[in-house]
Amino acid sequence: MSGFFSAFTEANLGYLMGGLGITVGVSIISVVLSLIFGSIIGIVFFEKIPYFSSFVGTINNIVRNLPLLLIIFFTYFALPQLGLHLPIFWATVVAMTVFQSAMLAEIVRGGLEAVDVGQFEGARANGLTNMQTMWHIVLPQAYKKMIPPIISQLISLVKDTSLASGIVLAELTYRGQIIYAQNTNFIVPVLVVMTLVYFLLNYGLSLIAKWFDHKLA
Amino acid sequence: MSLFEQNFSVFLQGFGHTLLASIFALVGSLILGTIFAIMQVTNSRTARSIGNIYVQVFRNIPLLIITLFFYLAVAKVIKMTGFTAGTIALTLYTSAFIAESVRAGILSIEAGQMEGARANGLTFGQAMRVIILPQAFKVAIPSLGNQFINLVKNSSILAFVGGLDLMYQGNIVAANSFDTFTTYIIIGLFYLVITLPLSYYIQHLEHKLKKNA
Amino acid sequence: MEKAKKRRFGLIATIILALAIVLGLFWAQQTVAHNAKHQDTLTRVKKSGKIVWGTKADTKLFGLMDTKTGQSEGFDVDMAKAVTKQIGKQIGEKLTPSFVTVSTASKIQLLKNTNIDGVFGVMTITPERAKIVDFSQPYFPAGQSLLVKKDSGIKSVNDLNDPSKTVLVVVGTTAAQNIKKFAPKAKTIALQDYASAMQALKAGQGQAISTDNAILYGLATENPDYQVVGGTLTNGPYGAAFDHDQKPMVDQVNQAINTMKKNGVYNQLIKKWFGQVPGLDWHDLEVHE
């Protein structure tokens, strides 16, 4: 058993937890950004603007149906060919945001569609413009309903950040790999600890989602 | 275009491996997922807990970690290639999501049907197989379809363990040709050939289901 | 919005977006072609006052992450630092080294897209690569060899020339081509990094890892059940790599390496990193000019 723990010297443990910080950082920034972009796209879907909504929908479908790993590689390796040099952290954030915005757009649309139509009409009858109705009446309600699915997207993000180890972002999974590069006997202990860390983080998030689910139901 | 022609057989080989891994994992995860979904709705407390733990564990850890675990740790005991390790990991990971879809499908069937079937002398297993599951699957089809799309996309994880899939071959072509931009666009199109039609078909099904409801 | 107005808005917005996408793709194609053209590395370095080096984080002795400091350490890293300092002296400007961790698969891509200025990353000079990147003069005399389990009975590359044998290599290295030459019947599997390759070897995914002896010595140091066999298949010295057509930069680097070999800095670094490696006489690596 002592062999199991020898992988976790203070330095290695600190290094690994620093990776957790990067994983969480990328996830939170990406979820906030994709909430913004996803909402804009979701509203475009919901408004059913002739031609435009379906056109945006097609592009959204294309993005949604690509592997995230491909989008990550593309952002870091191919975009510089266009003169866009993103530092690795931000390249990951951009890739995650593009992918998750496409995912969240569908959720936002669903959330908006679940809001009672009568409320639109009521608000408009009270002299609010389209934009005001959306901003003050509809969106707040829709977001409340969307909290659980948004948290499950955050869980996906935390998990998917591990893919950025492929472009050498020093997040949790990559740092685990670096630690077992020191000594290959560390592999199983490191994988077990990484599994635990991811599980605790994501399971905790899923409990929060469940709590909201109950509260809103 | 010449990049595409020059490496066509490489891309095709990768496409084949991606398709193969996806199909193996789909069949495997449908079976496993259904088993764990049933466990979650039985009366046995033990079965329910096992089902719950399984689903929670595999839903909440990254696919990459599961893949590395099989490729680097399990393979020490049981020999397997990167393709096999990746496909097993994909199967386990996806089965947790499929279990959720199937469970939701089962729960959407009225409890009265199960009771009725049991009252008519069917065992739990028979009632499940003959009465409940066929209906549950029908309800779950759109969500199962989405899981299959995710499965195809997630199969790119094989690239991490030398799984010879589309992403793996794409990385090699990109590294050798240095036209990363074009290579990744070609790879993207190959994935879309599988995922996009499926996605539209599922949207169509969902639409139909909503209309019927 | 009335229906007609909404319709018009939708139509116009769609056309604008579609146009933007088409123009964007056109622009992208042009830019990719344009950026493939020459950009002078030395000019860029002078302007920014720093040299961005790609180094490894998973390769013992050359570039391995120190988890305490979060910095890679090794012969490659020290060479990059020393060369940067020396070039600074040569051009009379203060230059600072900056480091980006690269994987074997990503290093040339990152050079090509100018995310990094140069690579000190256990990179073998080959004629194929020399068509795509510029190399400095050799800075380390490496050669491809084999790492096998001690009781495997494998003595040389000939023992691997069998369809039942798999040789593990790393994506983006020249090892796979050489194995095809020396053991055409063997299968090869390419992995992302050396740590995974070592794991895969231990897990029985293959019977040997083939890459440079310098790296294999590092792996064997940590894994006493494994040994380097078969001598060197190839003579493949390492060079620092740069984008192609970067003669001014390469000249500066070559001059720096020459100076370091003369003034003893090079030998000091050799001793620092290879003084303790079992089975390797570091005096063989010293340069006397």
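Here the chain labels run A, B and C in written order, and each chain numbers its own residues starting at 1.
Throughout what follows, a contact is a pair of C-beta atoms (placed from the backbone, for glycine too) under 8 Å apart; a residue touches a chain by one contact, two chains touch by 3 or more.
Chain labels with UniProt names: B = Permease component (HisM); C = Amino acid ABC transporter periplasmic protein.
Every value quoted in this text rests on a predicted model; they were computed, and no experiment measured them.
Colleague: What chain is the most remote from chain C, judged by the mean position of CA atoms in each chain?
Modeller: Greatest centre separation from chain C goes to chain B.
Colleague: With contacts counted as defined, which of the two, A-B or B-C, has more C-beta pairs across the interface?
Modeller: A-B
Colleague: What chain is most central when centres are computed from CA atoms?
Modeller: A
Colleague: Can you give the whole-Å distance between the Cα centres of chain A and chain C?
Modeller: 32
Colleague: Taking the mean of the C-alpha atoms as each chain's centre, how many Å separate chain A from chain B (Permease component (HisM))?
Modeller: Taking the average C-alpha coordinate of chain A and of chain B (Permease component (HisM)), the gap between them is 20 Å.
Colleague: What is the distance, in whole Å, between the centres of chain B (Permease component (HisM)) and chain C, each centre taken as the mean of its C-alpha atoms?
Modeller: Chain B (Permease component (HisM)) and chain C have C-alpha centres separated by 36 Å.
Colleague: Give me the residue numbers in chain B (Permease component (HisM)) that touch at least two other chains, ranges are fine.
Modeller: Residues 72-73, 160, 171, 174, 180-181.
Colleague: Counting only residues that touch at least 2 other chains, which ones in chain A make the list?
Modeller: 77-78, 81-82, 166, 187
Colleague: Which chain C residues touch at least two other chains?
Modeller: Residues 28, 32, 109, 112-113, 192, 196, 199, 202.
Colleague: In their shared complex, at which residues does chain B (Permease component (HisM)) touch chain A?
Modeller: 56-57, 59-65, 68-69, 72-73, 149, 153-157, 159-160, 167, 170-171, 174, 180-181, 184, 187-188, 191-192, 195-196, 199-200
Colleague: Show which residues of chain A lie in contact with chain C when the two form their complex.
Modeller: Residue list for chain A touching chain C: 9, 11-12, 14-16, 18, 49-53, 55-56, 59, 77-78, 80-83, 85, 88, 130, 166-168, 170, 175, 177-184, 187.
Colleague: Mind listing the chain B (Permease component (HisM)) positions that touch chain C in their complex?
Modeller: Against chain C, chain B (Permease component (HisM)) makes touches at 71-73, 75-76, 79, 81-82, 160-162, 171-172, 174-175, 178-181.
Colleague: What residues of chain C sit close enough to touch chain A in their complex?
Modeller: 1, 6-7, 9-11, 13-14, 17-18, 21, 28, 31-32, 35-36, 57-58, 60, 64-68, 70, 100-103, 106, 109-110, 112-115, 192-196, 198-199, 202, 222-223
Colleague: Show which residues of chain A lie in contact with chain B (Permease component (HisM)) when the two form their complex.
Modeller: 61-62, 64-70, 73-74, 77-78, 81-82, 155, 158-163, 165-166, 173, 187-188, 191, 194-195, 198-199, 202-203, 206
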